[in-house]
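The structures considered in this document are given below.
Look at the two complexes coming up: chain A is in both, with chain B in one and chain C in the other.
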Partner chain A sequence: MTDTPRRLLVGPFNRVEGDLEIRLEVEDGRVRAAFANSPLFRGFERMLLGKDPRDAMTITPRICGICSISQSAAAAGALAALTGASPAPQGALAAAILHGVENLADHVTHFNLFFMPDFARPAYAGRDWHETAVDRFTAAQGSAVREAVEARAKLFHIVGLLGGKWPHTLAFQPAGVTRAPTERDRQRIRMSLAGFRRYLERVVFGAPVEAFAELATRDALMAWTAGDAGLFLRIAHDLELGKLGRGPGRYLSYGAYPLAEGRAMKPGIWADGQHRPLDTAAITEDLTHAWMLGKSAHPARGVTDPDVEMAEPAYSWCKAPRLGGRTMEVGALARAVVDGHPLALELGASGGGVLARIAGRLLEIARTQILLERWADALRPGEPFMADTPPIRDGAGEGLVEAARGALGHWIRVEGGRIAGYQIVAPTTWNFSPRDANGTPGPLEAALEGVKVAPGEDTPIAVQHVVRSFDPCMVCTVH
Partner chain B sequence: MNLLWLQSAGCGGCTMSLLCAEDPNVLDLLDSAGIRLLWHPALSQETGAEVRALLERIEAGEVALDILCVEGAVLRGPNGTGRFQMLAGTGRSNLDWVQSLAEKAGHVVAVGSCAAFGGVSSAGDNLTDAVGLQYEGKHAGGVLSSDFRGRSGLPVVNVAGCPTHPGWVTETLLMLAAGTLGPEGLDALSRPLFFTETLAHHACPKNEFYEYKASAMKLSQQGCLMEHLGCVGTQAAADCNIRTWNGEGSCTRAGYPCINCTAPEFEEPRHAFTETPKFAGIPVGLPTDMPKAWFMALASLSKAATPPRISANATADRILVPPRPKAPKS
Partner chain C sequence: MKPRETFYDVMRRQGITRRSFMKYCSLTASALGLGPAFVPKIAHAMETKPRTPVIWLHGLECTCCSESFIRSAHPLVKDVVLSMISLDYDDTLMAAAGHAAERALEETIEQYKGNYILAVEGNPPLNEDGMFCISGGKPFVEKLRYAAKDAKAIISWGACASYGCVQAAYPNPTQATPVHKVISDKPIIKVPGCPPIAEVMTGVITYMLTFDRLPELDRQGRPAMFYGQRIHDKCYRRPHFDAGQFVEAWDDENARKGYCLYKMGCKGPTTYNACSTIRWNEGVSFPIQSGHGCIGCSEDGFWDQGSFYDRVTDLTQFGVESNADKIGMTAAAGVGGAVALHAAVSALKAAQRKTQNDVSEEA
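Coming up: the complex of A and B.
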């Protein structure tokens, strides 16, 4: 069947964090080209100019209400690099616990509130899993949605205890954290984690988290039937989500959770079938299709100067980060591929896709729960949680962390004791970037090419699955 | 009652905070209050064309809008066009939509300090010309005029905070649904009094340190954060330390200063957030309603009278000296 070529404007795009508009060119029932527009510009990089560098710790978490701690961690890392601060080992551990809780909560929020509700849509009525999906995942109503909201709120008690509140804590500092937990606090943290483990094992996995974390092959994964993870895999098999929305097959991770003994997950890239070390000097932000004035640059030298005319060919406020000129996919799947997890490698090697991204996130939920328990056991309340903080000095610093959605970098430059440059490259800046000078589409844009659009669909369901499989955070994207 | 939630120029953190509501969770609470979500950007199924159709029906008066919640500041730039934030898929600015939908609403609720006053979205040189719904910083009048009233007669209800506490939002909605939040329930900045009639200072666990001006010298120490580390909890209208956050948390409980995030223009304190500005060695920002001379006199007296236990603990990251019961009289 041949359609007349048509254009679709998809938005407001909800159940993603922040504002997103997707323009599609559709021909013969498939997406021929996709254009991702981040339609909100707030200008955090400009707000920070001229401020006391320490103010980055208050301002940057407020870039994002869902990855707030990730922003704190990146800012603390950049300031530590600038000043030569070295976090107290126990402070780094407490920071990892705070950050791990946010990442874990974000994954659970994404799965239950953002991604799964699409399978409860009437479009899937008649599928043998649809009634279960409706019962469990109807948006804002399903039983799984409510269970997730409850479990998540209780998990965040750890952040209340150690970090005061979530989001937007100021507990993160370049040399550690502002609150030294007591043994009593450590026991409370252990109990919050035990409660979350019960939720995961009863509801999400229907089995011990270790069993899911140890899945090593795609076949073993697809044989998993328990819990809501099993429901998802059944749906993924039926709808062939393994083939849908393939990415570039190149992955980047800064390595998650900087601890005194090294990062808990390895940094690096995976491209052209192999692991390689990461060289952040090879990062550029291309501006040719962003409403930004200036030239492409490394973020240490980049500027943010919005084009108020919003002139073509640009179509988004998002800059286009590239590594050595190439697009890279970031996120939980990328982290696990770079870290060398066998299941992630098998899923990721063929370009990933919707199934791989969701499975990567489920895998990380299981692994993070285990890490958090280990870290809580390793807390030593008698030790210092904050090291001496060296004074602010002129110079530059790079802070690299892994947010739930992938690689997050902050680059600060200080002159005369004030912020002279501050650039942020967020995970979804990578994944949802617009085209670059070569016309190469960003990872999402490429993943949407070829996706089926049924006749009469104005907000294609398959497009929604692909977009949400990345768990985009649009407020971080442009910032 | 029905409720439409729009995310304007903000971080989405007030929604994320709202999802931390407990006993009951926010979804159960809305059900119990008879509040039906018409649409929420993070929670609802509808996307794209379905949402556009809903917004058009509200605009056309075909769907009555009882409560409009707006999260995030409204961007007027560039050059008054509002094009720094276009509502995706609609070809219209968020500015245009907010102004249009507010006219239809029974109540308009600004969720968070960005929506109320501009907040962090208006920080620095405010390149995007961000303002609040009915305030531009401390000044009345935002994208809605200072005499704007919802159909039910209230000005925009400013549930300020960065983020807002989930309890502040849910309890405001409960009172609106019950018809028990009137003008007398709002403070001079149109914030619900039930959380602004107290100070963040109240129930702060550092109160004993405050009494003696036994101060932390650096972050991570337990002493009072007012003298050196920028804390303005004695001026901040909020009940953070009374109701606490995410279980038993609050900013000062976690060892960092209150930055008065429920107040307009908190985002530009004109000094580093974690450093108290001083004149001749004396902190500039003293408690709101205390005569300065009295404060100084009492502070110097109490400093001189500080027990060794409190001095020792103030500059430590944990309790070094616990209070000791008096020895029995022999």
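Coming up: the complex of A and C.
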């Protein structure tokens, strides 16, 4: 049975944000080719046309209920570029805190609610870690799941204080944030962060976050046994997750958290064994395998015109972004690689994979906690949190941020005071893109090639590990 | 066939103590605005009634409702409600994937025919035969109809399921359509907001699970206990509105003093929701408290009412107030000073009376 090629349709996928279907061609017990389809399309880029440019800051966050702050920040960034607004330094700091909290919470959610529950499956019964995994991570019931949900809710008090509500926070503006925190707010933010540190150190890492953030080699990482991170690494070692789901080995990051003194994590790319500066002019969105009409174009000139015929050879609503014609992997791992973190470099240089992606995320959890504490200390309640906002003018702007899942870009064009063009390239658009004009598969599709499929498996578990290791956000992918 | 489990059985199985259970009952009573006399009634209902299963479906959406829900204030309430729900079918959080998940849905429907509550997050897009939201190889609208057929009642979570939300914004490329326009033969409760407040969501679902009926609804099908008042009515900045003290620019001196955000485009005067009382993220704050106006996300059509930063000028568009546009006109004309403001306040009061009259006339 394993000799004859067969086709598998995997999906709808659970425990990913949004809808996803993957078609697999399986031969000799391995995936020969994979085709990722984002089956959900809403058309945000079309709705924005003709609207007041400022409304992008309210509409685009509603693309996604889990990374809405990233969308707000990108929209505010695009408007700042358009109008020439320069955020007040303290406003940028408050925005970084808001964004950092969301990214941190997203990583913790992914680890506990979306990724780890797969190891509690009966398929792994008999492994020496299985009972612990069942106890900790059974979907929606495991002890770790509850702890994470509770810790996360408390962490989000910070977004409440600075941004009013989450999801769909409104405080972001091109020139800063709408709320100037008081000294009392600052103390409460520090208390919330202290509480989250206790959760991370007791549950996730079982040790000071600094110790995890400072891990510099793969060997040191694999020797980590404490906390749920230790449990994951034990599982990763046993299942050889280091070899599973290798990516293109090319990484892109816009650089996270724009502050007055520069971005807290460096922007750039890592390709062909070296760091290079990022040139966003080299980005194109290829439409050959997307149900979209029009030509491949840079997002500043791109259009979104769905092909209602859904004509072949297209198989997804997702466009295929490429940098200089090549696929790029984005995400926490990519950010740390581009930023030059030694552990990430070692893990990422060889093509990454499931272990590298999850480790990259754990690493970022530790590093973000430290950054947030530093930023909270640097808040100066008396200073301005919003600079003067120049009026909207005709022209174009590019807003680049790093969402939890990777590089997020907004490109706006304004004519006659109204939005004349708006294009969004989300992290999962990069990672889960379909094939391009050369037939080159997207990073996920390529990562799935060669993955084992056991006879009789109709939703191969290894495929699920690979898919979830990217932490896809399908609602952002096609918007 | 063995008798169906009660809620109490389920909670005990989840490791919730008797003491915590009683605490849950009293919390529920207070959250729903019921007196202490209701506590034993709730407890009795939970101990004796078979558990009502919940099926939670996701259509065209952003999952913000789920995100809000799992962050509700009291860990105990959230624990209980979440464990009750996760027992059945929820495609974001559940363990099963792919075909196993689809089977779980079929089995739940089959087993609890006519007895389950269907919670819908997001909505079906109807354009091009529903192909813009394909779930399990079929348009979501088919899955929705299938799951709705044997449901006892339907909860429309959030602005998407209730009204369409931003994805239905002009030109509504996918023809995103609210649930009640597709399903017409079932009781539907709308819990609008983008997203709704977590405590409102748990409150509604707890009420339905506990009392086995819908809470009292307003004429738009929303639970009256949470959507009976405007944000403006209970806004802590309201005295500044009445005193004519407004924020004129972001983070100006007036903003620091916490003045009213009306001139910054706040839609609080036309929005019915509980943000200014229950607040967000475990009662920490709400948008107006963060210095940004309300965008009216729990009102029908909020996404196509002109800019979110324009002042409220024509309130009739919302279908809520019949003559309150006078406030906007008066204030927007920039007359300024106490006279105009007094007129505005009177107009608001008049609007309230008018609305009440409308209700009684319709009833």
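The definition used in the following text is that the second predicted complex is superposed on the first by the 477 of 479 C-alpha atoms of A that agree within 3 Å, B and C clash if a C-alpha of one lies under 4 Å from a C-alpha of the other, contacts with A are read in each partner's own complex, and residues count from 1 in each chain.
The definition used in the following text is that a residue touches a chain if its C-beta (ideal position, glycine included) is under 8 Å from a C-beta of that chain, and two chains touch if they have at least 3 such contacts.
Computed from a predicted model, the values in this text were never measured in an experiment.
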* Asked: With both structures lined up on chain A, is it a clash or a fit for chain B and chain C?
  -> clash
* Asked: Now for A:20: first (chain B), second (chain C), both, or neither, which partner does it touch?
  -> first
* For A:94, is the partner it touches chain B (first), chain C (second), both, or none of the two (neither)? -> neither
* Asked: Does the superposition put A:204 against chain B (first), chain C (second), both, or neither?
  -> neither
* Asked: So, does A:68 touch the first partner chain B, the second partner chain C, both, or neither?
  -> both
* Structure fact -> Going through chain A, the residues touched by chain B and also by chain C turn out to be 9-15, 17-19, 21, 39-43, 46-47, 50-52, 54-55, 58-59, 62-66, 68, 113, 117, 120-121, 138-141, 146, 149-150, 152-154, 156-157, 159-171, 173, 176-180, 306, 308, 310, 384-386, 389, 458-459, 464, 475
* To do: State the interface residues of chain A toward chain B in the complex, per the touch definition above.
  => 9-15, 17-21, 37, 39-43, 46-52, 54-55, 57-59, 62-66, 68, 109, 113-114, 117-118, 120-121, 138-141, 145-146, 149-150, 152-154, 156-157, 159-171, 173, 176-180, 182, 306, 308, 310, 381, 384-386, 389, 458-459, 464, 475
* Which bits of chain B are touching chain A when the two form their complex? -> 7, 9-17, 19-22, 25-28, 37, 39-52, 75, 77-79, 83-90, 120-121, 123-125, 127-128, 130, 162-163, 218-220, 240, 244-257, 259, 267, 271-275, 317-318
* Of chain A, residues touching chain C in the complex -> 9-15, 17-19, 21, 39-44, 46-47, 50-52, 54-55, 58-59, 62-66, 68, 88, 91, 113, 117, 120-121, 138-141, 146, 149-150, 152-154, 156-157, 159-171, 173, 175-180, 306, 308, 310, 317, 384-386, 389, 458-459, 464, 475
* To do: Would you tell me which residues of chain C are touching chain A in their complex?
  => 14, 58, 60-68, 70-72, 75, 78-79, 82-83, 86, 90-102, 125, 127-128, 131-137, 165-167, 169-174, 176, 194-195, 249-251, 255-256, 275, 279-282, 284-292, 295, 297, 303, 306-310
